[in-house]
Structure formats: structure tokens, C-alpha cells
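Labels for the chains are A, B, C, D and E, by order of writing; each one numbers its residues from 1.
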Amino acid sequence: MLIYTAKRLIVALLVALTISLISFGLLFLSGDPATTIAGESADDAAIQAIRVQYGFDRPIHEQYFAWVGRALQGDFGTSFYFKVPVTHLIFERLPVTLGLGLSAILFAIILSIPLGVLAARYPNSMIDRLALTMSVMGQALPSFWFALLLIMVFSFMYPLLPPSGSESWVHFIMPTIVLGYYATPAIMRLTRTGMLEVLGADYIRTARAKGLKPRTVLFKHALRNAIIPVVSLSAVQLGFMLGGSIVVETIFALHGTGYLAWESIRRYDLPTVQAILLVFSLIYIVLTFLADLLNAWLDPRIRVG
Amino acid sequence: MTATTTSAIPPVLETRDLHCTFQVRQGMFKPKKPLHAVNGVSLKVNKGDVLGLVGESGCGKSTFARILLGLQAPTSGDVRIDGQATTAFTRKQIARRIQPIFQDPYSSLNPRKTIGTIITLPLSVHGVGDPSEWRGKVERMMDLCGLPKRVYDSYPNQLSGGQRQRVAIARALVMQPEVVICDEPTSALDVSVQSQILNLLQDLRGELGLTYVLISHNLAVVEHMATSVAVMYLGRIVEQSDTDTLFRAPKHPYTEALLASVLTPEPGKGVPDAQLGATFPNPINPPSGCTFHTRCPKVMDVCRQVAPRPLSVDGSSVECHLHDAQRNAA
Amino acid sequence: MAALLEVENLRVDIPLAAGTLHAVRGISFQVERGETLCIVGESGCGKSLTSLSIMDLLPPKAIRSADKLAFDGIDLSRVGQSQMSDIRGDRMAMIFQEPMTSLNPAYTIGNQLEEALLRHRKVSRKEARDRAIHLLEKVGITAAASRLGQYPHQLSGGLRQRVMIAMALMCGPELILADEPTTALDVTIQAQILHLMIELQKEFGMGMILITHDLGIVARVADKVAVMYAGQIVESGTVNEVFENPMHPYTQGLLRCIPVPGKTQRGAHLGSIPGIVPSLIGDIQGCAFRNRCGYAFEDCTRVDVPLTEIAPGRGYRCLLSAEQCIENAKEVA
Amino acid sequence: MAAITIPAAEDIVGPTPGQRLRKRILGHRGVMIGAVILGFILLVALLAPLLAPHDPYAQSLGNRLVPPVWTDAGSWEHPLGTDGLGRDYLSRLMYGAQISLFIGFATALISGIIGTVMGVAAGYFGGRVDLVVTFLITCRLSMPVILVSLAVVAMLGNSLTIVVTVLGVLLWDRYAVVMRSATMQVRSLDYVAAASAAGCSTWRILVSEILPNVMNPLIVVATLEVAHAVLLEAALSFLGLGVQPPLPSWGLMISEGKDYLLFEAWLITIPGVCLFALLLAINLLGDGVRDVTAPENRS
Amino acid sequence: GKADDTLNIAWDVEVPNVNMYFDTSRNGVIIAHHVWDGLVWRDPASGEFKPLIASSWNIVDDKTIEVEIRKGVKFHNGATLTADDVVYTYNYLARPDNGILNRNYTSWIEKAEKVGDNKVRITAKSTNPLILLYMVEIGIYPQKYYEEVGPEGMGLKPVGTGPYKITSVDPGKRLEFEAFADYYDSPKGKAKIKKIVQRTIPEMNTQVVELASGRLDWIWRVAQDQADRLEKTGRVQVINANTMRVGYLHLNAVGGPEDSPLRKLKVRQAINHAINLEGIVKNLVRGSSQVIHSACYPEQFGCTDDVQKYPYDPAKAKQLLAEAGYPNGFTTAFYAYRDRAQNEAMMSDLAAVGIKAELRYGQYAATRDALRKGEVPIASLTWGSNSIPDVDAILPVFFGGLPDDMSKDEEVQGWLQAARSTLDQEKRKELYKKALQKIAAQAYWVPTWTYTTNYAISNDLDFKPTADEIPRFWTASWK
């Protein structure tokens, strides 16, 4: 267990290092960030001063090592745009994104697992078809378009929900739906195929042969096994939602990390972009690690080797 | 190390102190541990012989077969063909001499290829003769294996299990190898088909002068087909001798138990109790001393500590302390 | 007293895209308490479906029908789902072929054993646990108490099959159905398990249906034998009758196929049955074995072959006369 | 009552795999619906120069924001109306199909090649290769595609080539994952061992034994990745970093129509519905192919 | 809303920093005007300079100005403003290492000294006609507080003397302002609305929806089409107001490869003739926007229309192209960073005469980076002159030899330099005219149109926009 955790940690570190290299590589592509920092009406002297101040005049590898060194101490530098420490900026906005991600994954899970179970329990029935249709439609619905339609209908035509802001939970309803529906098809399908597979397994027949009630068979014996891959998938989907949050947060003006990322990209606020990229990948790694642990806990074949 | 007589002609196939160790993980959180799948096997097969290899599931039979075929590199020890170590050969050269027949006729044929292409494959790999002759060659081989010409352009899933196994045999034999390794060639088939395949193997052996290594857990089949038999337990050959001797006078308690467990279709004989423990030991943590001691009905103190050495007893080779004792007494 | 299990004209049909698959085509047999019936036959001949249809565990699309399907006088084709599940696992239990996959990997052995008893009897967990330990010991598992906390994947195949047997015995059933309980096991373990099953069956006086494709097992275990071919019973009788005087060409063929150490001459040709089992999709007429049969004649194509009873419980399904059959058997032997 | 003829011993058991596949495809509703919609869109895209009533780039500033024909103010001159620059919306939509489809297929091709090579290599060689590929997959998965592609496009500038390249270089993960496990599975089968025992070279085994047998999952992934690429391009364009105007990609059209969301909603609903239909069709097709080629359906 | 006396406003970009010297964005300027008063004030209506923190001023010479500090001016934190604060602020801005961004307001400062209890002398580095204008923009910081908290503290808890004080800063997300009760009797006047809440809402549609539903009272930069429709709903008022921002196509007359077509005068003139500015302004830009012909905002001091004009004439354009050796036109990159539709319209006009323009649509900074490297043949840009009503805020930037001067015309540079170093307004006008005429004759630019801004505000609100794109909320009130 300890060795395993250590190994995962090393992999995580390597991944983080690779990501940091990639994100730092963006600096190469971006040309001279000094002009960006200086703003619209800055003159040459100001730009030169900034260049020296931020160390853009030094060789790129030196800049990289300096950056990594600081990043290891949790210092991602200062935002070009806000002129405040990036760490501060990200941690201030992360709760919104994580909250949104969690509520979205919850929404997806609550919708898709029961649907998946029902669809598997009654294959080819109305409910199965419905679930399948929903999932195919869901996959095909561009989230930005869906978001705009929701705003059009529920904020403009029938002003029921606020289209922007993050003041109360009401503000999170539409973003949650938009972010969550996209994960629903995948989770539902996995639940369904998992359940179908498990329901066809020999041990389900054994359970039925013992005379157990159908409910016990379904929930105790089948769901428990079918749910295991769903756990990993949910974690992966939650990771994907970090990416999805960029679009959703922008449209709904939620001041989370996704929106920060998008704006920072547009503003060439490279320290922020780099840090967000890194934080997102770390979150993803942590999530998959947690999912593996949860899986191990759920699956005795892994837990007690 | 074997008891068979050493003649001037080297055995067509020989292994010397063959080892194969895998590193396996037991659980996600555990480090890898070594598993000695083949643990020091020395065997000789003479030309024209049928060596039967029996043993429990997981004792290393298939791994041994894969090493013979050059599909798996041994950790140590070597395989010799006609007295030459296979390390000197390329895989292609080994392929010309040794060919396999696998257990499962469903997974041993590429579902995307026609029967003709499958059987032609070895010819085209080795660039034998002119491609225009291949079809004739293949059809002759199909005929020999009892496959109608019609199936030349069929796909495997259009054939029955027995027919597929015939295809596998035709593929193995089309290059006319010296040795054929049959890894449980009939255990996936129904009895009525099994006998057809066994008959075919017998006929081909006579016709093409083949040497077989026949892996099976069905002792009746081994006794019917083999000229000599090796019994494997946890990666080691615990007893080896010619078929008659082995079936008449088994020397190792495990062989005895195996023989006792054979259920012939003779009503009224009841089911014998082999008196073995229920569990095959975990190959990752093999028992100390004689690996069989945990299940042996005749276990002695020495068995728990000292691993037995191969002994030659009445023309058989055996690894068992019972026979040391006899020897000492004598 | 009526037989423990009476089956008359049991049929199982499975509708498929290509037509209806007549997997079991009207089979009849009886099992008495304390008696072992072996059903033997080639792969796909309908053995498993027969046993599953008795337990009412058929796959959802399969359709079962029978003139009579009575367990201890209870008409199983009449009882509802819940009553059936009351009987299942309590008075009638089943052991499956695949010990590796027939136990739920997510729960401990103990949990799965106790569950069977807790479902059918008003007992405490403690009592269920005691019974589980008792039965595990009975099936030859040492350190039974500590095994209860283990998960299936920690046990070897032989042990799992023993656990399956113990599980089937939890409620003390009157009838046990065992579908190829040893096929996946090594020969030595197979012998042990069969030995165990016979002993337990004797001890508890259970009726047993044992399904296998291995004639060796049949010969050693059975009281009565039913040979199945293509969804029908082609021959039935006591074990001695069938093995000593096989009547049906198929039974005869099967017996000739297997080498018997000491009897079959080493290296000699084995007998064989050419050809393969026919497809059972669509309407079937005539004898299903005719294409593989050396004695087939015109009528075999046209006439549906009835089961000829030559003695109570002894019958065969062939148009040839009994004398002819016996003659054939000798000819080859 | 027709008596079955019981097949003779050596009779071939069934139709060829190709025939069975065809039958299953024709019998699968999802595949058929998907194929019809996709076929229609493909046809429109290919024939856009012939079918489009106007030049998709021709502006007519006096003719801006003409509503579609079904509204009171609409006319048959512009069946779907005009956009903010007075360009004929129907024509733009037709050319937009070209662009969106091109992006989908080109991206899927690039990423397909990268991912398949990586996945097959990892699955076949195992060991270190597998370790490296798995690591690369982890790295790739841990970076949100949209974030990275936005950043790269923002730095490099947006153009069709850049978008296709960036997406192609990013979207190989699913191929790699699926091909890796499919290859592992096939690799352990006896026919690969048989080919190896017959003396086939590694290359030959990969090409003639492994690849044909991992084709089905590959096709499924490729189909779904086409949809994924189309969707991502649309999202990039929507955020203003996709293809460059005046190219009419559907995502860009939605983005341009966004400014008119509240009052000229058709400007986003029409391309949105088209995009939805395209994605639906591809997904239906992909799912259908998965169903049709699933092992449990083969037998 | 009116009910809670809170003005809810939304901007589409995040405010990077409320510390006014660390934010060059438009919003920064707006905040500065509300929170910090400068020494003088320029009445947006009359254009006259009026005393603000300085109760009077005296221009000593070309480079020196002396100001008298008003008494009783209070900072938001309760401290009283003194001459020391003024001296401190100006000297702080003059320091080269202060790290501030707003150098174009401040780079002229040489030093400030206290020359009496309430008197401060400010010295410029060189003659500068715009000192007063710049002084308007320079807010006075409290010395003690600023030394204590530094730039970062000022960004989170700003303290100024303006009509509104900031009560809460949620960086980038939300700002809350409150009318400053102790505001002195300033010519700007006291704030009428008690509270202002600013939120960042990037999506324009969302802003409109929020406005329509009453959760916002004030938004701006509404697209013209949307503004028209919005007005028709009657749910809000829409005001179209001029701004000082002008658009132009920059034509690279000197950079790029040797054979760059744009190096040819006729080609540049052809481009000028090819674009139907009237049509675009009439149909697309609309509002009160007008077409311009010279490189400045018409109402800026020094701006003149008396230059060579290039009426829309595609035939002439084609002819010029042919004369320049491009009878079939050519292909060129076309950089732009905003107003996609307008730029596409111009590109379409160019295409009509054979110039195939490929759009490179990117961020402003990226565009300007490329521009400065001399790589850009045509760029569509805008300039807001920092709201300074004098061509000195535009011409020297692009033609005076600074980094953004891409035409490198030494003659023009000379005139602009001369104009800068004299205080004689007539002479300046003359020089600027010369420069503008040459710029037009050489067709370095295609001046396009003036920008307008659409404000959409709640029906309850009384709000008057000004041309300098600085909304003054302290003058707003509820109806």
C-alpha cells in the first residue's frame, strides 16, 4: 500500500513535471509577454522595465528552472493581469469550480445510475429505449449551445433562473445541468452495460438459486459489482469537467478557475495559465488516485490480494 | 539426467535444467513476486516418440510448451534441437522444426482470415517454393487432415470445433516439422470429436514420421497415445518413464493419486478417494522441501525440509524421498 | 409415495432471430429420494437448460412447458415467482459448473453461505454462522471458521466448489441439481469432489441429478442414466443396463470413442461418431441422429422416433428393434 | 411442416462473416438512422457548390438579418434568412458542413494514426513501451483538451490548419487506450502465438494478425472521435479561437449568431440544430457499429 | 435598483486592479475618476479646466506649475489631505522603479516640491502642452496609508478622495462602491446614488438578460443590433453616445518584404478607395458613428478634415492597382482584434477589387506584438486617445517615432516633435495639419469611423454619457 502510494506519487510528480514543461513551452509560442503585461498604452521603457522585472530577458531554460523551483514552494508567480500571486487567485476561485464540478457529477450520477440500473433490469423495454435515446441525444448536444438555449428560455423568455453570478445555489442550477448532462450518457451506459454483464454472471444465477428476493439479487449482488467501474469513470468525468467548466463558467459568468483560465489565455496571462494547467492536471491525478483507492476498497479482489 | 538410454543420435528435442520465472503482482498494493512456472526441467524426446506430459492445472505445462516453441524465453537453461541449442537458431529456424497445436480451436485461428490463408501462412513466411504451388500443397494437407476442399475459402467461424482443430493441425504440419507440440489438443472438444482428432494425430504420426509432445490432463488419452510420460508438479518433473512402466508401476505418490483418480466408464467401481488435500499450493509461495509434501499421503519428516533429487528407479526417473529410503535400505 | 421429482414431456424453446430453437424437446424422467440420476450428452444438447428449467432459472426469453413438472407433489409449473423462490435454495438446490465465477467476488464466503439460510429460516446470524462452519467442515474444509471471512478469489477452484456444495446444503435440500460440478477441476480434485458428493447424498438421503458429459463419471456415480442427444433423451436405464447393453447407436458410439486404459489397445484407432450435432432451430422431423448413424434408413428421416420402453425405466429412442440394437453393440465390441 | 435437413458432417455451418455483418448492420435501426442523416449531410457538403443558392461569402449589407422563410418577413430568396453581414444563411450552412466534416475527419485521421500506433505498440510489446505509453496517456488525460487547445490556438493564431493539427495532436488518447487493451487481448490469443510459432516477423504479426482484429474497436473509436473533434472545433470557434472567418464552420456560425441570441434566435438555433444532427448521426453510427460488432452479437 | 438605492452595473472584462496606477484598462480609468480626485478637473461639457484638489494653479513657465492645495479635503479613511500627500504622489510617480503601468500620464513628471504650507511646485522634464490634461488623470494618494500598505494593499482596500469610496473588492469579480459622505464641495458634485455594485459578466447576452430582468441597471457597449431590439422592447432605455475612439486600417508602408505591395503608394490609395466606409457605417456600425478621413478624432484639438480624401470608388481602386502592377490584385494578411463583422465587411470590399485578405483574428496584444515586429501588412485597429481631447494623444503614438510608428516618416516625426515642444496653440494646429495632410496623402492609414457606445440602462435611471467613454456615476440619479 505504501509502495503503491509512493509509486503513484512518483508518477504524479512526473506527470506534473511533463505538464509543467508543456505549459512552459507555451511561453515559447507566445512571443514577448512584456507587451501584454504593460497594457494598451504602455511605452517602450515600461515594457523594457517589465521585461527585466519578470526575467524575460534571461534564457528560457533558466526561466523554466526558476519557475519550477518556485512552483515547488507553491509560488506560481504573479499574475500579469491582476498583479497578485497566482496561487492566491487560483485558490480563491477553485471553490466555485470544484463546487460546480461536484454538483454536476452528482447530478449526473443521480440521474444516470438509477436509469442505467433500470435499463439493464428491463432491457429493450420502454425505459431502456428512453435511457438510450437520452444518452445519444446527450452526447450530441453541444454544451455551449445548450447553455445559450437554457438562458434564452429560462432567463429571457420565462425569467425563472438567473443567467449569471454565483451568489446562491439558484445560480448554480443551469450551470450544473449544462456541465452535468454531458457526463450522464457515459455513466449511464457504463452502469447499464456493467449491470447487464453482472446480471448475466454466474454468481447472480447462484444468488437466484439460493431463492433470494429479486431486490436483494439486484441491489446486493449485482449493483455492488457493477458500480466499481462507474466509480473510476465518475472520477475521470469529474476531471473532464474541469475542462468543460471553461465554457460553462464563461457563459454563466461564474468566477471559477475555468473562466479564469479562459480569460487568462485571452490576456496572455501566462503564469496563471501555466498554474491552472498544472493545478487541473494535479486535480485529475488526485481524483483518479482517489478513485483507485475507492475501487480497491469496493473490490475485495484488489483490497485483499 | 533422464534414465532413457543414450544413443549415438542426439534426441530430437532436449531441455536442460530449464527455468522460467515470472514476476507477478498479487494485488494492486503489493510488490511483484517471482513465480517459478518452470523450475528446472530436463527432458529428452527421441525421434518418433510421443512424450505425454501430465500435471495439474497451473503446474507449468503450457509455459514449458511455449519455451519449446521459442515463444517464451527461458530464464535459464536451454532447449536443444537435434543436439543444437536453440539460442543459435532464429525463430524462423525453430519454426521449421517445431510447430504447435493449441487447446482452443476457437482462439487459435485468426477469425479474419480464410482457412486457405491460415494454412498457407507458414509457406509464405518461409517463402517455400513458388506461390503458385502453395494452393496445391495446402489442399493436399487439408485432405490429409480430413478437411474438404470446399472450406478453403471459408472463415473459421463457419466451421465446427472439430474442423477448426483439423485446420490447426494442417497449419502445423504444412511445413513438415519434426516435432509437434500438442497442448491439450482435445480438451475443448466433445468426446465424439476428440476420438476423431486423436485418430488423425495417430495416422499423421505414422505417415509423416512425426514426434509429439502431448500435453494433456486426461490420463486415458495420454496412456492411449504416448510412448513415454512425464508427470509435472509445480514446475518440476516428478516422474518420468515409458508409458507401460508408469501406468503399471507408478513410483511417485502424486502419480499414484493421478492414476487412482482416472474415472473409467466401468459401472460399480465407485469413486476412489485419492486422499490428497484439497488445495493445489500457491505457486508463488511453494511449500518448502518436497513441494508435494502438503498433499502427500505418505509424507515423511524429511520431505518437509529437503527437496528430493531425481533418482533412477527401475527405468523410471523419480523425485521422491520414498525411493531414497528404499535405496538406503538396500 | 410419489417420486421426489417427476418430469413429463418437458420442452424448452428459445425464440431467436433465425427461428425458434427447440433446445429441449420433450423429455421425461423421475428422481426418487436418495437416488442419483445422471444426464449425459454432448455439448449443447440441452442438459443445462433441463436443470435450469426445473429450478425456474431459465434465461428470460426461454419458454418452458411440460405435461408434468412436480416436485414432491407440488406442481412447479403452477407456482408463482415468490413461492418458487421459497422452494429454491430451501428444498431444492443447485451446484453450478463454474466454481470460479459462481461466487460473488464482492462478499465473503461466510456472508454468501449464511445468506442462504437466513433467507429461508428464521435463525439468528450466529446460528447461520454455526451451520456454515459445520457444513464447511463437512465438505472437508479445514479451519472452517477462518475461511468464513475470506473472499472467493482467495480460494482455489477445488475449495470454491466445496463452498458451492456447502452452500447448496445450507437448508438441507431434498433435491440437488449438479450441473457439471467437476468439469473445470483437475482430475484429482474431481475425484475428491465426486466422492464427497456421493457421501453427502447418501448421508442426507437427497435425490440428485448430476449432469455431465463424462461417461466415466456417469459410470461411477449414477444409479440411473439418461443419455441426451439434440434435446431428447435417446436412452435411459440403470447404470449397469446402459453401460453393459447400450441400445442406441449414439450411446454405443460414445462408449467406443473413449480410450479405456488397459482395455483399448494403445495407439489403435478409437471408435468415432462422424459429423456434428444438428442445429435445432426450426421444425424438426425424424431422428436427429440419422446423419451420423451407421444404421440409418429411410424411415429415420420421416418418422418421429418414439421412446421404446423395454422395461420400466429402461428405454431407447430408435426405430431399430431391441434385438437389432443388441446385435449392433456386440458386433463392434 | 418442413423437415429440417440435418447438415452433413462437413457442411459449412453458416454465412460468411461479411454477410452476417451486413445483415446485422441493415437490421440495426440506430446505424441506419445515423447513416441516412450523415449521408445526407455528406452529400450536401460535397455538392455545396452546386446546391447553394448564393455565394456563402457574398455580403449584402443592405440585406442584413433577413429572417427565415417561415416567418412573416421571410422570403424564398433566402430560405434560411441572412446573417449579420447579409450573407445567405442556407449557403453558409452548406459550406459550413464541408468545413465541420473536414475538421472531424482530418482530426480523427491524425489522432487515429498517433493513437493507434501508440496503443498497438503498448499492447503488443508491453513492458517498458507500455509503461511509457501509459504515462503519456496519463499526461494527456490530465490536461483538459479544451484548455490546452485554446491556449495553443491563442498563441499560434487561429486557422483551419492550426485547429486541425492541434486537435489531431491532442485527441489520440481514446484510440491509444482502446487500441492498447484490444491489442493486449488479441495478443494473448493463440492465433498470434501460432503465427509467431510459424516464424512470422513482429511486423507481419502486427499488420496481418493484430490490426485486422482490432479494426472493430478502432472504427468505433474513430467514429466517436470524429464527433468529438467536430464538437471541440465548434466549442473553440464558439470561444472565438476556432477556424478563421469568413469560413463558415457551424461552431463559428453559432458564435456569430450568439450576439443575436435574444432577438434573432434562428441564427444560433439553425446551425445548432445542424450541429446536433451531425453529432447525433455520428454517435448513432458509432454506437451502432459497436453494437453490431460486439462479441456477444457475433457467435 | 432604485428600491435599495443601489446602482447595479456590469462590465464584460475583469478589473485587474483597482489601484489606479496599476491598471491601464478603460475600467481602471473609470474607477480612478470615482475614487481619486486629481489636482484639476476638466469639465466634460465645456472642456474647461476647473480647480479640484488644487484650489488654484499658476503656470510658472514652460515646464513648471505651482498649485495651491484645497483645505479640508478628506481621504476615505478619514485622514486629511495635505500638500505632503500631493508631493508624495507626484514624486512616487516620477520614480523609475515604482513599477506602475500608467506611464503615459506620468512620464512627464520631473519632480514635485513643497514650496509653502499649501503650495506645491511641479516640474516637467520638458515642455509639454498637455500637463494640465495629464494632471486631471493623476489621482492623489494618501502618503501615510500608501507607505503602509503598498500597491497591493491599495489594490484591495483603496483609499482616495473621490465621490465614491470602494467598500469591497472581490478581485476581477465584484466591486462595491459607496457614496463618500465626507466628500468636499467639489465641482464634480456629490454622488446621488448611495451604492454602486459592479459585477463582471463576460457574456453580453447575459448582461442584457440581467438588465431586462432588473438585476442590472446599467450596461454599455451593447451591439448596435441588439441595442435596437432592446430599445423596442421598452423595458430599458438605450443611449447611443459618441466616444473618442477611432478606427483605422494600418497599412505597412515601410516594413515587410521588399516586394510587399503595400510599399507602393498607389496600392495604399487603392485600398482607401476600395472600402465602402459609408456603406459599412450606415448599415453595420450605425448609431451616431461617422466616417473619418484623417487620422484623428474630429473633435480633438488639432484634428482637421482638410486632407486628401479617398471616396469609395472600386473602379479607381482597380485602376490604381493595375498602375501599381497588380492588375489581378494580390493576397495579404489582415490582422484584427475586434469588430469581426465590420472587418469582414471591409475584407469583402477589398476582395471585390482583387485584394484577397486573410483574416488573422487575435488578441490585441498579439496583434500589436506582430505589428511592432513589422510583420503585419494590414491591421485593423482602434485608438481611444486615453480620452484626451488633443491629437497629441494619438499622432505622436503612431507617427512620432515611438514603437508603434510603423510609417517612419521623418518629416511627419519632425512636425509632431515641434508641435509638442511649443505652447503656441495656433502653431501646433498648423503643424498637426501638415502632418495629417501628409499622412493622408501617403495613405499610411485608412481612417475608418468614429466609435459610439450604446448604453442600455434601467428606465428608472437618469444617466448622461460623455464622449470620453468615462461614465460618471456620481452624476447619475434615480428618476
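Basically, contacts are C-beta pairs under 8 Å (C-beta built on N, C-alpha and C of every residue); 3 or more make two chains touch, one makes a residue touch a chain.
A quick note: this is a predicted structure, and the numbers were derived from the prediction, not measured.
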D-E or B-C - the one linked by more C-beta pairs in contact: B-C
Remotest chain, subunit E as reference, centres from CA atoms: C
Interchain centroid distance [CA atoms averaged], subunit B/subunit D, Å: 49
Centroid distance [mean C-alpha coordinates] between subunit E and subunit B, Å: 88
Euclidean distance of C-alpha centroids - subunit A vs subunit C, Å: 53
Whole-Å gap between the CA centroids of subunit A and subunit E: 39
Touching two or more other chains - residues of subunit D: 10, 154-155, 258, 261-262
Subunit B residues counted as touching two or more neighbouring chains: 160
Per-residue multi-chain contacts in subunit C, two or more chains: 274, 276
Complex contacts: residues of subunit B adjacent to subunit C: 56-57, 160, 162, 190-196, 198-199, 202, 217-221, 223-225, 243, 247, 257-258, 260-274, 276, 278-280
Subunit D-touching residues of subunit B, taken from the complex the two chains share: 66, 69-71, 90-96, 98-100, 102-104, 107-113, 121-122, 125-126, 147-148, 150-151, 154-155, 157-160, 163, 168, 171, 175
Interfacial residue positions of subunit D with respect to subunit E in the complex: 57-59, 61-62, 64-65, 84-86, 154-155, 157-158, 240, 244-246, 256, 258-264
Parts of subunit A lying in touch with subunit C, wherever the complex brings them together: 201-203, 205-213, 216, 221, 224-225, 298-301, 304
Subunit B partner contacts - residues on subunit D that touch it in the complex: 10, 12-17, 189-191, 193-200, 204, 208-209, 212-213, 215, 298
